[in-house]
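Contents: one structure, followed by commentary.
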Amino acid sequence: MPFSLTPKDSSFYDMFTASATNLVEATSVLGDFLHDHTRRDELARTLRDLEHKGDNATHAVFRQLNSSFVTPFDREDIYNLASDLDDVMDAIEAAADLVVLTGLGTLPAEMGQQVALLQRCAQVTADAMPRLKAMKGLSDYWIEVNSLENEADKLYRRLLSRLYSGEFDALEILKLKEVADQLEEAADAFEHVANVVETIAVKES
Amino acid sequence: MPFSLTPKDSSFYDMFTASATNLVEATSVLGDFLHDHTRRDELARTLRDLEHKGDNATHAVFRQLNSSFVTPFDREDIYNLASDLDDVMDAIEAAADLVVLTGLGTLPAEMGQQVALLQRCAQVTADAMPRLKAMKGLSDYWIEVNSLENEADKLYRRLLSRLYSGEFDALEILKLKEVADQLEEAADAFEHVANVVETIAVKES
Amino acid sequence: MPFSLTPKDSSFYDMFTASATNLVEATSVLGDFLHDHTRRDELARTLRDLEHKGDNATHAVFRQLNSSFVTPFDREDIYNLASDLDDVMDAIEAAADLVVLTGLGTLPAEMGQQVALLQRCAQVTADAMPRLKAMKGLSDYWIEVNSLENEADKLYRRLLSRLYSGEFDALEILKLKEVADQLEEAADAFEHVANVVETIAVKES
């Protein structure tokens, strides 16, 4: 593990970077989870562990916020940034858990593409977090996340179109939609993270 | 009725306490509603009345907000607190109404447990509201609500697992999910209330 | 087209008015879409074009926000107002697209009523936007939108009641709910717009 999620003397920048790096790991595990049936129980547990790690990171931010006299940007924005990063992780972990508990087997190829978009979102988010310090080069980040989220929306629509094409019965559609909706929610939550960063940047400008 | 929901000369603290006490009543009625088939129509009407009472309480806050020169905390936080308390009530009333309109009979035991968690959320929320005045002893409250909401999430997952276990057909799953989703939304809205209180406390610290 | 959505030297008031006027057009097209089966593909494309126009309007607001030293109200409120207007358009476009991709035929009459409420919401919103300048006569607007959204909620419940009445099978219910949920989301987003306007007015009062 290249970072500590409960750092001492760390700055908010380090904490957000740690949270986002945790999401890079989680989206990577989710990719393996989708493709490798035989390891699903094991990988769902790994995601549960990453989610707990993420929770600790979120609460470290909140504790730091409560004990800091001066903060680098508005307290609400710090709060929202930590919460939105947490929402991404929750949706990723839920997606995997729902695959397991509905007993789904092979998943539609579109879900693999949804996860690939989430992996890219996680990477650009993790790359952007350290740049909050100098408040430079951030617009590229939120523009890319907005564009990735647009792609994710289109993909989600295409997946719905396939679900209702007659290939699946009502029960299968219900199960697949549980999972697809969580993946879509993860993409939305990445966009919310980018929106908070944009809000912070707008205030500073 | 131990409180008035349209108080004269009352403070925001009294108003929030009244709103939350209304939720204690509503979650109690919802418990009876789930368990007693024969009284469902009557109890759904009672919930509708409580929801109207809640609406009046919410609008009393908004009116007071518009006519107050000085407010005890940020106007947006007062607004959000009133709205989030209102969201809890809306979800509770919707859950009961959806049971009636989908014609569901006996409900899975997990729903009774969901409602028990909502009853506890309502109680700790009603107990916490008067403490906003001195801004003391609030962290225990939001920590407990966060933990209750975590339990509610797990319970919701367990319920989904049961719904997809093969025991129910697609139509029954659809109906039960309508209700389960509203109960889950009520738990989320209680967490939002706690988050606003935490936000207020963070600003004051 | 009576307005330009990428105005030069324009004020925020003009931009919000343009966005809301775009929604008047979109809800009108959606009405035709629901009633005229034969033109659905064509009208769904028209809605897609209006959505792109709306996106441009939203981004024009964001660019103006980034380049403005002084803004008529809080930057976050301008941001939220633009985002919420954008959410309405997204939901309207999605509703039409979902009808096409699920291959639904004749739709329940309640959906036509949902769209009629959205048309009224769009009209009162477009009428209110220019009044942001003088900050006068706005409470009538948000009171009407809140009341329209209440009606929309009731209508949505009545539609659900019909969906579960036994008239439709699980697959049809699933498809119809996809559309109904987007229409309900559009009504909610109109209420969010009205809430932001109320927030702005509360701050100014």
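A, B and C label the chains in the order they appear, each numbered from 1.
By our rule, contacts are C-beta pairs under 8 Å (C-beta built on N, C-alpha and C of every residue); 3 or more make two chains touch, one makes a residue touch a chain.
Which chain is which protein? Per UniProt: A, B, C = Phosphate transport regulator.
Bear in mind the structure is a predicted one, so any value in this text is a computation, not a measurement.
For the copy pair chain B (Phosphate transport regulator) and chain C (Phosphate transport regulator), the superposing rotation over Cα atoms measures out at 120 degrees to the nearest 5.
The pairing of chain A (Phosphate transport regulator) with chain C (Phosphate transport regulator) is characterised as different-residue: of all residue numbers used at this interface, under half are used by both copies.
Computed centre separation for the pair chain A (Phosphate transport regulator)/chain C (Phosphate transport regulator) is 28 angstrom, with centres defined by C-alpha atoms.
The residues of chain A (Phosphate transport regulator) that reach two or more other chains are 169-171, 174, listed in rising order. Considering their complex, residues 157, 160-161, 164, 169-171, 173-174, 195, 198-199, 202-203, 205 of chain C (Phosphate transport regulator) touch chain B (Phosphate transport regulator). For chain B (Phosphate transport regulator) in complex with chain C (Phosphate transport regulator), the touching residues are 62, 65-66, 75-76, 79, 83, 94, 97-98, 101-103, 169-171, 174-175, 178.
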